[in-house]
């Protein structure tokens, strides 16, 4: 049990009559890189929101690092080592890049003083390759720069588990390669990583295991190679008709 | 029987409140601006009606369209030339701006018209029905207030301009993409807000003595009605206005007239926290 | 501007205000008292309105409450300074409770709720005649001594309160709290995500911003010797304070002091010269401020302005 860092047990989230997430159960082992995939609207972001306390689960329990965190608030998640980046990046626009990261270090990473937080922030900026932009306002960064900033901010919070929500969306191929290298480096430090993506090919190379969400339900959980051949996954991604046609073609 | 009388008074008052607040609510809902000028617009409408009646003997009903048109013009120009420049900025900016404009308008009214309470006296007598006593001018005011509020509703639902206003209220960016000129819609909306304020003022001048000292009170009423009923919709203002009128009427009866206002404001504070979308539950701008 | 320059400017301003009895008449001493008083209020407002970015319009609620708690305590025989302390504590507790409820609202709803508090307290005070004297107001025991002694006492008191709030502002600005508040001001959800306990921080900021309004109110009641509901729970005051702060520069340390000084001196000149139109002129100043000076006086880059002016003059010179 102790090597499970995060465990979801029958977690559901309803909005009115709409089941955004229904009875999802899975566990993440310490040090794993896991991909959470699914088509748009599958409930991936809602699931992350529920895990980090942005939205409260309608049913089920969530355990993190041996603690029941089902009813936690986002700031508590941050302090417990549950960090995330956003699909739509959320910087403090008028603050400098350095201050943005220092905020993560001070409040989430429990640094004792602003001076220490700033010092820690510098090393994280160097790690993600933004050291040269430390004193620019965050709003002046490009999209890929802002995604790196998000990453540095999350790292400054000394996470045990890092959830990356579509970090690659909107980036070009070489930027994606850079981001993937960074994510591997973070994993090498022993941080458990959950990569949320709707593009399957991005996670294929990165993740040791894939979780597939469709209409709020977990339809598959396994190693990437098996997942891509799973008919339910193909159907989820390509739609029923198309999947049937593929099947017919295979049967000749 | 006594309660019926209190209820009748409340409904009459409530209709006037709805008419008073509906323009404020529209501006808040569509422009996301708290219009601190609203109270002064009401008084200006009332004064203009009064002077038309006193100096030229024009019947208020005849003056009302002209007063409304003048207020519309003032509102349209104010929004187009001044408020539009900062309309997308934070609450405090637009609130402070309209407060500054209000100081100017208020000062103008006190200097040129003085703060003497004024009232158009029509002497229409009163009616008695089933033991309920009601002055005819009040009844007349109520009908007029409901008619104007209803007309605004029809305008918003039925006309091209109305549909455009509603579109901007729902999603300004999408409306702009569809070719709606946002700044013009904002100006029209603010103009309509001022028009409704002016019309409400005209009606008030027939029912109660009005003075520029009342601008703050009217503004406060508009706040309360909006929060009680829900923002930015005509039905919301109607429900909020009627609710406030009836509550004030009964609170005045049971706790004494000096507490009627307090009860209204307390209700507003409670509702703000418990149900910010108001009684009608129609979601406001934010 | 370095922090040291800021503190030096503030120290100089404190000396100017505090020394008025030595070099000026009663009129200027009175003005110095009023400026110190409003500076304390704008500095207070800045903590919630500037640092945290919540459009609070409840200054007059806490000021008025301070007036009444102070006055009633003094009438009950509590010594003046203790009455001020009582007012401060009372207002702080009430603000913490009210803040915990109302700070869940954002934007316009928060603004309306905070201004609603002013109205409710004014109405309650007006109608609770047996305790507050209702619309007739309350007399407060006067300070013993000649007019000069009284003026100097209250000048010392108001300047001291102003200095205290300034020190609090500096401490907040440099500390963890201030950093967290700025995060909230920039993006509240993101602040929550990086581990800022936003609710707690907002309530602390709101309480800090309210409590000294209570102190100022109690001191004001002792100074004037008479208070009534419309004068103390004034909507004009509740909006004037943010305007003064915006004029100087909201969210800065020195801005509230600069804004208050400039505004009050301007207002005084207008009162003296255009009695009938002073409100309209204040309104015009407010409108111009919002349209052309959105960041306040302290955010103007004076170097750029001077450079532009110089360039214009040069062009004129060349044309001639």
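Each chain carries a letter (A, B and C) given by its place in the written order, and its residues are counted from 1.
Keep in mind that, in the parts below, a residue touches a chain if its C-beta (ideal position, glycine included) is under 8 Å from a C-beta of that chain, and two chains touch if they have at least 3 such contacts.
Just so you know, these numbers come straight off a predicted model, no measurement behind them.
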| query | Among line, ring, star, complete and other, which best matches the way these chains touch? | reply | line
| field | Of A-C and B-C, whichever chain pair has more C-beta contact pairs | value | B-C
| query | Could you name the chain whose CA centroid falls nearest to the centroid of all protein CA atoms? | reply | C
| query | Taking each chain's centre as the mean of its CA atoms, how far is chain A from chain B in angstrom? | reply | 49
| remark: Whole-angstrom distance, CA centroid of chain A to CA centroid of chain C, is 44
| remark: Distance in whole angstrom between the CA centres of chain B and chain C is 31
| Which positions in chain A touch two or more other chains at once? | none
| query | Across the complex, what residues on chain C touch chain B? | reply | 49, 53, 55, 101-102, 104-109, 111-113, 115-117, 119-120, 123-124, 126-127, 235, 239, 242-243, 246, 276-280, 282-287, 289-291, 294
| said: Using the touch definition from the top, list the residues of chain C that touch chain A in their complex. | reply: 174-176, 179-180, 182-183, 186-187, 189-198
| message | Could you list, by residue number, the parts of chain A that touch chain C in their complex? | response | 52, 54, 73-75, 78-79, 84, 86, 90-95, 99, 102-104, 106-109, 113-114, 153, 157
| remark: As the complex stands, chain B meets chain C at residues 28, 32, 34, 82, 85-86, 89-93, 95-97, 99-104, 106-108, 110-111, 216, 220, 223, 227, 256, 258-259, 261-262, 265-266, 268-269, 272-273, 276, 285-286
